[in-house]
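First the structure, then my questions, so here it is.
Chain naming follows the written order as A, B, C and D, and within any one chain the residues start at number 1.
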C-alpha cells in the first residue's frame, strides 16, 4: 500500500540526518496522498539507522491507523491538522534543528534580512503564540497544529512554507517530501544567519603599517612569501 | 570478569568521540554492577584509538582496584561518590564537551527554554557551587562528587540526569551507558541552544521590493530562475 | 569550444561545495577568455552532484548565448558587468556563504582586524549601498553589477578581490577560478573571525587554587594523572 | 640528514589540517635538534596535500639554509628567536586557527575560566603588545619573535606553552611536535569556550505546564512516546 510514497517518506526522514537537522529520533517527515486521503508518516521512536520504507505507518485524516507494524509518530495529530487546514501542501517536516529551535525558544519570528531568505520565504518566518496551560494539558499535539493554523490566519502557507512553534521547534512543508526537507534546511540556515546579522557591531581596524606589511609580503614586486 | 559490562563501557567511551564530545583523553564512562558492587571504568590517560574492552578497570565501591592492567581514571573517586549517593543510576559519563563546559565555566545552570530540554531534563540543569580552597587541596575528586550530591539535596537525579561542575564541566548519568551517553549529548545540544536563545534581539527586516524581487524570480508566473 | 576553461570552471563550482560555501544550487563560478571575449559560466539551477564540464554555458560580453544545452546562471548579467568594469580579473565567484552573507545582511564592510585578512585584502571588504526600488524592479542582476562597480570607484579591485552586496551576499574574483575560489574561502573565514573579535569582553579568571590543582595533577613532580 | 625529525615535523604539519587548525598554507610546525643546533621546518607556501618528509627544510640557529630543495617558511625567523630564548622547548607550531586568532585580533589574553584550560596552561594565555611601526617595517618576522620573548619576561614558557601575537594569531610549543600540536588544539578549544563563557546571560525559563507535558509524555507511568 502506497509503496512509492513510503519510499520517499523514508528517504526524506534519513535526509534529515544527512543534513544535520536531527539526532537520535528527533524529527519526522510525512506525506499525503490527497486522492486516497491517506498519510504516510515515520513510526514513533524508531532509530534512523534501522528505518526501512516498510516501517512507515499509514493513517487517515482522522488519525486512524490504516496500516503499520509500529505506532505512528507522536506528532501525527499535528501533521493531520496541517493537512486539513493547508489544502495545497503534500508533505510536512518536523525537526528540532538547532538554529530554528533557538529562535522558537526565544518566541520570535525569524526576520527576513536577505535574499537567501527571500528566495524561499515571502516574509518573516512566524512564531506561534505560546500554548495555554489548558491547551497543553488537553490534546497537546492537536493543539500544536491548531496554534500553527491560527498563526497562518492572515498568512499564505504556500508563500511561507514553515513556522516556529513557540518554545518547541520548526515545522516546514512543501508539495513533496524533497521540497519540505529543502525548506527545513533553508529555515535552519537563514535562522543562523539572521541571528548573527542582528548582532554585528563595528570597531576600528588594524593600523596601516601592519596591513601594508602583510599584503605586500605576498603581493607585488617585493613579495617574498612562497617559492620564487 | 564482567566481560559484557566492559564491552559496553568501552563502546560508550568510543561513542563520546563519535558524538564530538571529547578530544584526546578528555572524558570517561563508567558503569556499575549493583549486585556485585563493582564498577567498570575507563583507564586513565589512554588514547581512544587504542582502547579495547579488556583495558577497562574494575574497582569496588571503596575505590580499591579489583582488576586491571592500567590505573583507573583519575576521576574515579567522583564516580564512586555518585554511585553511592544516587542508588538508581547504572552508568556515569564525564566530558569537557564544549557547550556544557561553557555554561560550567560561567557558573550558571542551563535554563529550560524549550521542549528539547524538557524531553530529557525535568527542570534547569544545575551548576554546583565552587569548591572551597580546602576542598580543592584535600581530596579533590571526592569533593567534586560531594558537591554534586550537595547540589541534588532537593533535586531528583532520576528526573535531572546531569549536572555542571562549576569551572569544570558536565557529568551525566542513566540506567545504562547508552542512556548516560545520550543524556551527555542532549546536555551539549540544549546548552548550545539555550546560549543563543537567550541572546536573540530584533531589528527591522529588508524592504518589500527586494523581498518581492527574490521570491518572485523563483516562484509564480513570472519566475525566470532555473531551467524552464 | 573552450574545453579547458569549462573543465576549470566546472571543477571550481564543485569546490564551492567541498569548502562548505554552498548548498543546493546557491553559488556560481565563471571565467573569461579575454582574447575571445567569451565567458564560461555555470548553468542555472542545476544540482552540483550531476554537473559536468560540458554543461557549462558560453556567453559573450553582451550576454548573448554562444553555446550551451542549458540556460546560463540567473546571475550572469552581474558577472558580465564586472568583467567589463574590472579589466584584470579572469574569474568570478558568487555564493551565499554563511559568514560573508551575515555581514552583507548587516550592510557593513568586514573590517581588517588581523594579518589573515591583510594577507589577501588590502583594506576592509566593502559592502555596497542598498539597491533602490527602481534598480530592483528594472534590470536587477545588471544593477547588482553596477552597484559593485560604483563601490569600487575609489578602490582597486586587484588589491581588494571581493565585495559584499547589501542584503544579499559575497562576490569575489581573481586571475583564475582557483584564485577566485580561494578568495571566497578567505572572505568567509575572515568574516567569521571579525565578527567574534569585535565581540570579546573580559571577566575575572578562576581562582588560583583550582588552577594549581588542575595544572599540577598533570604536570611536575606530584602529577598523578595518566599511567606512571 | 635528520630523517626521523623531518618525518615527525612533516606528520605534525599534516595533523594541523586534520585537527581543522589550518586551511591552504596557513600554518607551520618546526622542531629542533638541540645537540646539532639545527632546526627542521616546513617549506614556504607548499600545499599540505603534496608535502613529503624530504621537503622539510633544515636551517641553523642563525637562519642559514643547511639543507632543502625549497625556501624555508617565511616565519622561520620567529621560530629561531623562540628556540634561542626558550631553551627547554623542542618544537613550535604557528597557525591562524579561528578562535585563537579571534582573541589575537582583539588584543586580549585568553582568561583561564576552567579546568580544561588549567590542565594545560598555568594562567591566562598572554597576548603580545602590538608591534611598533618601525618593528613592522624593519625585520618583521624577527621582531615578532622578540615581542613574544618580551611577553614572557616574567612568565614561564614551560608552564604557559603558547601565546597570541597581537592582530595576528597563535604560536604554541612543547618538547615534541606532538606536544606542540596538542597545545595548539587546546588553545583553539579553550579560546572558543572562554569567548562564550564570558557572554552568558540569564532569562526566565519556560512555564511548568509545558515542562511537565514534555517530560511526562516520555517518562513515568503515563508516557506515550515511542513503541510500547
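By definition in this document, contacts are C-beta pairs under 8 Å (C-beta built on N, C-alpha and C of every residue); 3 or more make two chains touch, one makes a residue touch a chain.
Computed from a predicted structure; not experimentally measured.
Trainee: Going by C-alpha centroids, which chain is farthest from chain B? Tell me that one.
Mentor: Farthest from chain B by mean C-alpha position: C.
Trainee: Cα superposition of chain A onto chain C: how big is the rotation, rounded to the nearest 5°?
Mentor: 90
Trainee: Between chain A and chain B, what distance separates the C-alpha centroids? Give it in angstrom.
Mentor: From the centre of chain A to the centre of chain B is 26 Å.
Trainee: Please tell me the distance, in whole Å, between the geometric centres of chain B and chain C computed from their C-alpha atoms.
Mentor: Going by mean C-alpha positions, chain B sits 37 Å from chain C.
Trainee: In chain A, which residues are in touch with two or more of the other chains?
Mentor: 113-115, 167, 198-199, 206, 210, 213
Trainee: Graph shape for the chains shown, where an edge means the two chains touch. Line, ring, star, complete, or other?
Mentor: complete
Trainee: Where on chain A does chain D make contact in their complex?
Mentor: 25, 43-46, 70-71, 74, 130-131, 133, 136-137, 140, 167, 206-207, 209-210, 213, 217, 224-228
Trainee: Under the stated contact criterion, what part of chain D meets chain C in this complex?
Mentor: 23-24, 26, 96, 98-99, 101-106, 108, 111-115, 118-124, 159, 167-169, 195, 197-199
Trainee: For a test of understanding, state which residues of chain D touch chain B in their complex under the given definition.
Mentor: 113-116, 182, 185, 189, 192-194, 196-206, 210-211, 213-215, 218-219
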